[in-house]
Structure formats: structure tokens, C-alpha cells
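Scrolling down, you'll hit the structures one after another.
After this come two complexes, each holding subunit A, first together with subunit B and then together with subunit C.
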Partner chain A sequence: MAHDLLTLAFQRPAIDWHGIAPELVLLSMGALITLVDILFLEKARPYTAGLAGLGLLATAVPLLTLAVDGADRVMFSGAYVIDDFSLIMKAVFLLAGYVVVLLSTNYVAEGDYWENEYYGLLLASVMGMVMMASARDLVSIFVALELLSIPAYLLVAWRKRDLHSTEAGLKYYLMGVFASAVMLYGMSLLYGVTGSTLLSEVGAGVAAAGTSTAVVTMGIVFVVVGFAFKVSAVPFHTWAPDVYEGAPTPITAFLSVASKAAGFVALLALVFVGFYSRSEVWEPLIWVLAALSMTVGNLIALRQTNVVRLMAYSGVAQTGFMIAPLAVAGHGLANGDQALSATVTYLVIYTAMNLGAFAVIISLARRTGSADVTSFAGAFHFAPGLTIAMTVFLFSLAGIPPLGGWFAKFEVFRVLATAGEPWGYVLAAVGAVNSVIALYYYAALARRMWADDPLHGDRNPVPMTPSLASALVLCGVVTLAFGVAPQLVARFTDVSLLALGG
Partner chain B sequence: MSVLAALEGMDRLSGGEVLIAQNVAFGVLALAMVAAALRMVTTRNVVHAALYLVVVLAGVAGMFILLGAEFVGVTQVLVYIGAIVVLFLFGIMLTKGSFGEDDGVTGERRLVAGLVGLLVFGVMAAALVESFEDAELSRSGPSTTAELADSIFSDYIVPFEAVSVLLLAALIGAIVVARRD
Partner chain C sequence: MLLNQFLLLSAVLFAIGVYGVLARRNGVLVLMSIELILNAVNLNLVAFGAFRETVGGEVFALFVIAVAAAEVGVGLAMVLLLYRNRRSIDLTQIDQLRG
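== the complex of A and B ==
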């Protein structure tokens, strides 16, 4: 044994420091926040939120230099990749994280919650997402998923004095670990068949003629189901409404965009790099998930009387739209790339508009402390600016031009219709019907805000804060800009995974 | 003689060479694990269930050692039996209420759960048997702990470091959520 150890010379891994600079900056900022708390205790409290926001913006700097550099970077024999796809998604996660910090600033400070730890956990979760965008290896994907999920489970339970929050945290945790276990089992099957954790090699192994169909099918189904939970696709959406309602509202916003986008990133990498050759397995599965998510999400959303629950079901339905292009992605490489671009475009625009809607909900809830539909009635009389903003975000979610949402939906329909496959047309039809249903409840909420009388005739203005206002302006400008000039977003989301997957 | 003849087909590690001791050990471990797993889900006493879990996890550790993965086997004993099950027992004892007998599971749920379990078992078993029926495992020699360490600190360095961030975050978050304030 002794000579074994001697001959086994350790090779230092070749690390591209520029490539992982975003993760390192984020890590050091997270460490700094924890350190500041230990050193200055209560005195540091007012600065924590600013520090967290600064950390997320600082992380964007190496991201920009990487984007300017433009070269694809491959580390650890393909386990960690920095390409256009990962850069745009990392940017989405960082900006979403920044807006969530803006939304949290007053919420956490005024609610008397544990503040420093809150931002530390938020940064840890964002770091998991940033890693997820680059992970092209089953182990990295799983670790990134846990790194983004476990802080999120804890943050959901952050309102400790409220039983709903504790219940939401427990529910989210139990359902989450169950989904992780199912997914991990699927990964172990894929590893057993292909003998590698690298997605590119899994892809090659899965495509090889001799590989067993039964085990590969089980593996793919289990992995996709695990991520279907993460992105709250029907029938794995049952956790979403309760968790969204019980969690601190900024965390709800975080889960509904960043966490969902991270699930999608992993799903896209797995489907396009790992499973692409087995489209006969994942296309029907995703078709069913997409059709069910759109329909069930929208139908239940019609009956909601709490705006946060309404947004939860609307999020489920939006998941259906995001996942829909994948149902026809297996028909040739050009088609696959278009489907990928459509999903990424949708994710980018959805992040902006959904965060905006939550910014309005959080602002209005500052006045009444409730997210019930009745407390939104007549908002125009006491908060005209917020009402206009909410209308913009709701109509964007519904897909009305010239707001960002229309371009996202347009891309999805274009991919579905140009695939030249009967099932694609059927799914496009399902999507069209659902767009109408969604417009009904989005418009109903907007109408209530414009036309109804305020509850109890209460016309006190909403106490706005600078951070909430800047979050609103940021999301509003992005939502409008992407709708008026869709080529802006199309330039960044024109990405490909297939070329690299080989 | 008939038992050995049946076992002959089982060992694919060495390509024909039968390692009787390994096969017997596998059979004993597998039987003990299945029996303990069944008792674990059927017993009405949570403490007993946790102790049956120890048997199952020890069996898994034994399997790892049979496969030549001694590091994973030892880790299995240290982490799962040494830490997690002990934590279970502490958890059961510190939270009153569900200590001892518990019959919260109704007959109807039991039936549905059993059916789902059987279905999943059937599908999985069929798929695995169909795929690996006559697969030959190449015998590349047991992976030594040194090789394992080597790959953790080279190819898997990013996930490894991420796990440390994850554990720290989980620790901080758990303290905040659990502490009384």
C-alpha cells in the first residue's frame, strides 16, 4: 500500500481564476458580512443590507469582464463551464438577488427579524445559483442545488413568530428533500449506466446504442421530476401556494424568480447536454408538464382571494409557458437552440416583471399589512404610482404588447409553431387558451385597483422607501425596455448549449 | 452444492472466478437489510424504527466494503450511524409526544402507500434486471482513499468548497430558526 501512495502524485487542478472570480467575490462578500456582524454586533445592523447589495453588484464586475473577454472557458475537464448561457443566467441571478435585497431592506429591519444572517443566507443561496449556471456535472449540479435550496428553506421559516411561516418552511423543506432524493436516485442510475458524472459523457453514454432504455428512461424521468418540483410545475406544485404565503414576502419574490430560474438552468443543461439524444423520453414528459402547469395553474388562480397565492398559481402557469419550448426541442439542433433561447428569454423577462409585481405587493402591504385582494381595492385613490406600475407588470405577465411579456410569449409560440410537429401546434393552442384565462384574472386585479373604492374609505398614502422605489423603477424600466426593444434581450439570450455538448 | 451452483452466476467482478465468501457475505447482508427495512416501516415504536435503521445503514456500509470502497464504507458508519441516527434518537427524546408507540397512520393510507411502494419496486426491479442482467463489471481494483482524496481536491474542488459554504449557511440558519428569542 505504501508504494501506491508514493506513486500517486497529486496534480494541482488547473483553475481559471478569472473564470471563477464571480463566485470568489460573492464568497468573500458573504464572509465579510458575517465578519462585520461578529466584530461590530448591533452597530453594523443598518449597513448589512447595503453591504449585501454592494456584494451582489461587485460580483457583476468580474461577470462583465468575462463577457467582454467573450471566450468560452472550460474547467475541470468540462465540469465547470463559462459560456454565454452561463453568463446571462449569472447576471439574472445577481440582479434578481440585488432587487430582493432592495425589497428586503425595510421589510427585515422593521419586522425585527435576524438581519445579518438573513443577508448571509441570501448571498449563499445566490452563490448556489451562480454555480448552477456553470455546472455541467451531476455532482456540481446537485451541490449547487442544495446550496441554493437549504438557505431558502431556512429563509422561508424566518418569520419565527408566525406559525404560517414555520409551517411553510417545514413544508418546503420536506417536499424539497424528497424531490432531491428522487433526483439523486435518477442521477445514480444515469451514473450507473454511463459511468461518468460529466454531463457531456452522460450524453454520449445515453446516446450509445447498447445502453439500456429502461434504466436511462427511469434516470431521466426521476431527474426531470426532481427539477419539476423546483420550478413548481404541475403536478409537483402543491408546495408553492402555502410556501409563498407563509414566507417573508421578499423571500417569496426570490423563490418565484431566482429559485425557479435556477431550476430551469439545471434542467436546460441536463436536457440539452445530457439527455438530448433521448428526446423520445423527455419530450412527452415535458409536454405533459407544460400543458398541465399552464391549465391547472391558471384555473386555480382564477379563484384566489389572496394576491400572494394568486401570484403563486400565476407562477405555476408561467412555468408551463417557460417549459413549453422544450417539448419540441428534440427535433434537430437549430430547433433545439431556438427552444433554449425562447426559454432563456422568458426567464429573463419573467424575472423583471414578476419581481416588479412583488415590489408593488410589498409596498402596498406596508400600509395594510395584508395581501388580501380587498386591501388592494381602490389603490389608485391612495397610491396612483403603484397602481400604474402594478398594471404594467400584470399586463406584462399576461403578455400584452408593448410590455416585455409579449415578446417572451411570442418567442414561445414561435418555437412551438415552427417545429412542424402536430404536438407543438396542440401545445401552442393550449397556451393560447391559457393566455386568455390568465388575462382575465390579471385584468380583474388591475380593475379592482383602478375602479373600486378603497376598503373602509381609507385614503392614507402608502409609506414608500427609497429602496422599494428603486426596485420598482429598475423592474419597470427593464419590463418596458424589453417590450419596446425586444432585440435588446434577444441579443443576450441567443445562446447555445448544443454546440458545446457535442 | 446446489447453492454454490446458483451463486456461480452472481459474481461478475472477477469474470468467472467465484468468490464464495463475497457472495455469502452479500446474501447475509442483503437479507438482514431487507428484514430490518421491513421492520423499520412496520414497527409502531419510533425508537425501534431508528434502531432498525441502524441495521440497514450498517448493511449499506458492509456493501461498500464488499465493493472495495472502504473509505465510503467507513464514512457511512461514522456519519450515518454515528451522527445521524444518534441525532434521530436525541430528536425523539427531546421532543415529547411521539416517544414510544404511535399509530397516526390510518389503514387507508397504509394501503395506498403499500401499493405505491410495490409499484415503484416492481418497475425499478424490472428495469434494473433488464439492464444489468448480464452486465460485466470491469474489475479496476478497489479505489483507495488516496485516489478519492485526489479527485476531491482536483476535479471536484468547486463542489467540495461549495459544500463547506452550504454547511456554514445551514448551521447559521438552523441556529437562528431554532433559538428562542
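== the complex of A and C ==
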């Protein structure tokens, strides 16, 4: 076989330069930051945050031209695809990355951390996510997953001399690497039974009669479990609260939104393109993950006293809602597409509202240096604007109209209820009960901020910075706009993976 | 060619690796156990690739090897960082974050 390979002339694959322009821009900006760091060292520090933000915005330009062009592009014999689904997710990753840069600007500069490398790694991680949105091949999914994870491990442990940060980094690293190793084992089995790493061919091979059911089941379960770690679904969520608490808070925001969304993107591509015909395997698995995530996440969130940990468990519960439509996605094409749209809609809206909540947490924690719930008590007396913003984001997370989170939850319930399947109704009921539990702790935090007295009667105002303020305004406007006019988001999230067949 | 023998060896390696990750307390040994799992994957991929006579598996294995090297580089840096901060790489002792 090796001999045959050597005698083949090398043929350069046809590359669609317009199609990979976003990745190229992002890559060159990341390289530029590294170069500026090497050339100017400390003198470059004040400029790298701006450079990183600029890089993310510049990446959005080719993304827009691709969206205007509108044609689906297929590269590398189907391993890399640009379609509506990948474009909307790329836009989410870029915007999330941009907001995280805004959140980091002062946090990193004031904390005396390494700054140039921080933004370089952040861009590398966003690059992995942008690649993940297009990956339709086991190899490219794996490479994108590692490209987004490895910089994230480093960023979590960024506060080098802080034991909490080191502990968080090591836990995240060990859990993440273990999960990706298990996922790889599943992928190797799927490659073995289908003879291809291309998702569309894996899909065809898995569907074919005579394919070993036991091996396929094992492969699918391992891969789904691997990504369940990434999106922090119960019972694979144990790393999330510790990592969120120990990491620098802007990185926590990044993980809770962008990294989770990247895990979902891969999971959606795998389930809809690769495993769709084996719904009897992944539907029950995802049903259990969804029900457990919602219930366990919410119940543990009830007794948290640290707001970052509270957001971690709330994020686990939100994962349950995002994954829930997939539990009934295997019943025909129309139903599958609706489930896909519901999950993507939820991801888009969740990104805006969760980043907004973290922007408030970072602003308020700047004052006392702690994210303990006592730092938030009576915030209305010293930071009325932040309190109003936090209330908006919390109620949006709880799903109260007319805020964005309402539409996200509505879509999920609609898919569950119209699937015409008993298990769908049961999951919808579990979700409804959990919405009420979630409202309790979101509202309890909001009540403390409005009604309680400030800690030690300290009423000094919170020092705001332009970058934090713009992050807040951006997230707030998006959260409100999507709630008042849901057609704005629905227009972009009406995507399909099934009609294309990959 | 007997595919079974390779798959069996790979499954055994995978099981030993998982056991090591769950049971070992020493950071470096956990990293080595993760390497065992990744090598089980490589063995699987190469065996399937040879069996199916497509190069996809071998190419995938090369990617896994390259990425695993980067991963372990980061992992060793983390363990070193832990050692500098705590003078110990016993993983059961890192339990400051909980609740």
C-alpha cells in the first residue's frame, strides 16, 4: 500500500479561498499578535487587546460576504463545509470572542498577567471554534476540538501563582483530555465499521444493514459522552463549577458560552450527519442527559453562595434545555430540522444573555475582588445601572417574556410538544418544573441586589470602564431585541443539516 | 490478517488507561494513562486502516500522535506549575475548590 502511495503524483486539493477567508484572517491576526509580542515585548501591552478585538471584527467581514453570497461551499471532498449552519455559528463564536476581549481588557491589564500571550491564545481558541463550525469529518472535528481546548486549558491556569487557578486548570485539563481520548476511541470504532472518516460516509455506513450494531452503539455512545463533557451535561459536569470558579472570570465567561457552543456544534453535526439513522441509540442517551442536566444543575444551584458557581450550575441546567430538542430529533426530517433550529436559537440567545450576566459579575467583582453573593447584596444602592442590567439577564436566563430567553425556551418546548412522542411530553414536563426552580434562584439573586443592604454599608460607586460598558450594552441590546422581535433570530437560525445530507 | 488480535490488545490498553486515570493519584501517572488510551486509539485506527486498505486510519493516527504531543506538553507544564505552587503532584490533595 505504501508503494502505491509513493508512486502517486501529489495533487494539490482545490481550495476555495473565499470560503476559508475568515479562518485565514483570524490566523494572520493571531500570528500578528505573537509577532508584535516578540518584537516589542512589554511596549506592546497596551495595544494587544485592541488588536485582538480588531482581528475578531476583521474576521466578520469575509463572513458577511460569504453570507451575502449565500452559496453552500464544500471543500476537501466534504470534510469542510460552509453552509447556513456553519455561518451563523461562526458569527456567534466571533461575537462571543469579541465580548470576551472587551471583558478581559481591564481584568488582565490590572491583574498583572501576561497579556500578549493571553490574547494570542484566545484568538487561537476562537479559531478552533470557527473551524469546528465547518468540520464535517472525524479528523477535522478532532483537530478543531483540540485547537479550541488546548489554549483554553492554558487560559484557565493563567493566574500562575494562584493555587485556585492552577487547580482549575489541572482539573479542566485532565477532564478534557480524558474526554477527548474516550471520544477518539469511539471515533476509531466508527471509522472501523464504516471505513471512512467523512461524516456523510460514516452516516451511510452506520445506516447500512449488516453493520455491527454493538460496535456502532459503542462508538456512538463514546463520542456522545466525549462531547457531553465538553458541554458540561450531567453526569459529566463535575469539572464545570470548580473550573469556572478558579479561572480568570473573563475566561469563565468564554468557557461557559463559546466552548459550550463549540461542543454543541460538533454534537449537532455528528448526530444529524453521522448518526441520524441510529436514533434508537442516541435519542434515549440524550434524553437522560437532558433530564439529568436540567434537574441536577438546578437543584445544586439552589444552594450556591458564590455567584460564579451559581452561574456554573445554571449553565449546566441550561445545557439540559439546549440538548433537550435532540432527544426527539430522530423522528423524520421535518422534526429533525425543527430540533436543530431550536438548539441553534437557544445557543445564540444564551450566548448574549450569559455573556451579559458575566459582564455584570466582572464589573461588580472589581469592587470587592470577590464573586461571593454578599458582594452583590444591595447593589442597587451603589450600582443601579448594573443592577437593572443583571435583572434583565437573570430574568432572560429564567425565560420570562419579553426577554430573549423566553423565545429560546418557547422553541424548545414547541419541538418537544409537537414531536408526538410520549417521551417528548415527559421531557417537556421535566423542563417546565425546572423552569420554575430556576426562576427561584435567579429571582433570589435579583432580590438580594435590589432589596438587601450593601455589605458593611459600603456605598461607593462601582468604577466602570468603557470596554465593560460596551460589552454590557451589546449583550443587553441583543437580549432585549431577540425577545421583543424573535423573528430577527429565527431568520438566521432556520438552518438545516439533514436536507443537504452532509 | 487477524483483526481481532489488534482490537483485543487495543481494548485492553484502553481499559488499563481508564483504570489508571480513575485510580492513580500521581499527576504524571495520570498523564501516562491518558497516553495509553490515545495509543489504544492509534492501534485501533492503524489496524482498521490496514484491514480496510484505506489510508484514512493511518492519517487519522498521525493527527492523533501530533495533537497528543501538544496536549502532553501542556499537561506536563500544568503538573510542573502545580509542583511549584504546592511542592507535590498528588492529585487528591488539590481540593480547594468545592461546594
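Things to note:
Everything below uses one rule, namely that the second predicted complex is superposed on the first by the 494 of 502 C-alpha atoms of A that agree within 3 Å, B and C clash if a C-alpha of one lies under 4 Å from a C-alpha of the other, contacts with A are read in each partner's own complex, and residues count from 1 in each chain.
Here is the rule we go by: a contact is a pair of C-beta atoms (placed from the backbone, for glycine too) under 8 Å apart; a residue touches a chain by one contact, two chains touch by 3 or more.
Just so it is clear, the model here is predicted, and its values are computed rather than measured.
In the superposition on chain A, contact of A:144 is made with subunit B only, not with subunit C. Once the two complexes are laid over each other on the shared chain, residue contacts for A:57 go to neither subunit B nor subunit C. Applying the stated contact rule after C-alpha superposition, one finds that A:242 touches subunit C and leaves subunit B untouched. By the touch criterion stated above, A:173 is placed in contact with subunit C alone, subunit B being left untouched.
With both structures placed on the common chain, the touch criterion links A:76 to subunit B but leaves subunit C unconnected.
By the touch criterion stated above, A:121 is placed in contact with subunit B alone, subunit C being left untouched.
In the overlay built on the shared chain, the residue A:10 is in contact with subunit B alone; subunit C does not reach it.
Look at A:164: by the touch rule set out above, it reaches subunit C but stays clear of subunit B.
After overlaying the two complexes on the shared chain, residue contacts for A:182 are found with subunit C alone; subunit B is out of touch.
The intersection of subunit A residues touching subunit B with those touching subunit C, taken from the two complexes, comprises 1, 5, 139, 142-143, 146, 150, 153-154, 157, 160, 169, 192. Of all residues in subunit C, only 7, 14, 17-18, 21, 27, 30, 34, 37-38, 40-41, 44-45, 47-48, 50-57, 59-60, 63-64, 67, 70-71, 74-75, 77-79, 81-82, 85-86, 91, 94, 96-99 touch subunit A in the complex they form. By the touch criterion given at the top, residues 1, 5, 138-139, 142-143, 146, 150, 153-154, 157, 160-161, 163-164, 166-171, 173-174, 177-178, 181-182, 184-185, 187-189, 191-192, 195-197, 241-242, 245-246, 304-306, 309 of subunit A touch subunit C in their complex. Of all residues in subunit B, only 123-124, 126-128, 130-132, 144, 146-147, 150, 153-159, 162-163, 165-166, 168-170, 172-174, 176-177, 181 touch subunit A in the complex they form. Against subunit B, the residues of subunit A that register as touching in their complex are 1, 4-5, 8, 10-13, 15, 20, 23, 27, 30, 34, 75-77, 79-80, 114, 117, 120-121, 124-125, 127-128, 131, 137, 139-140, 142-144, 146-147, 150-151, 153-155, 157-158, 160, 169, 192-193, 212, 214-215, 217-218.
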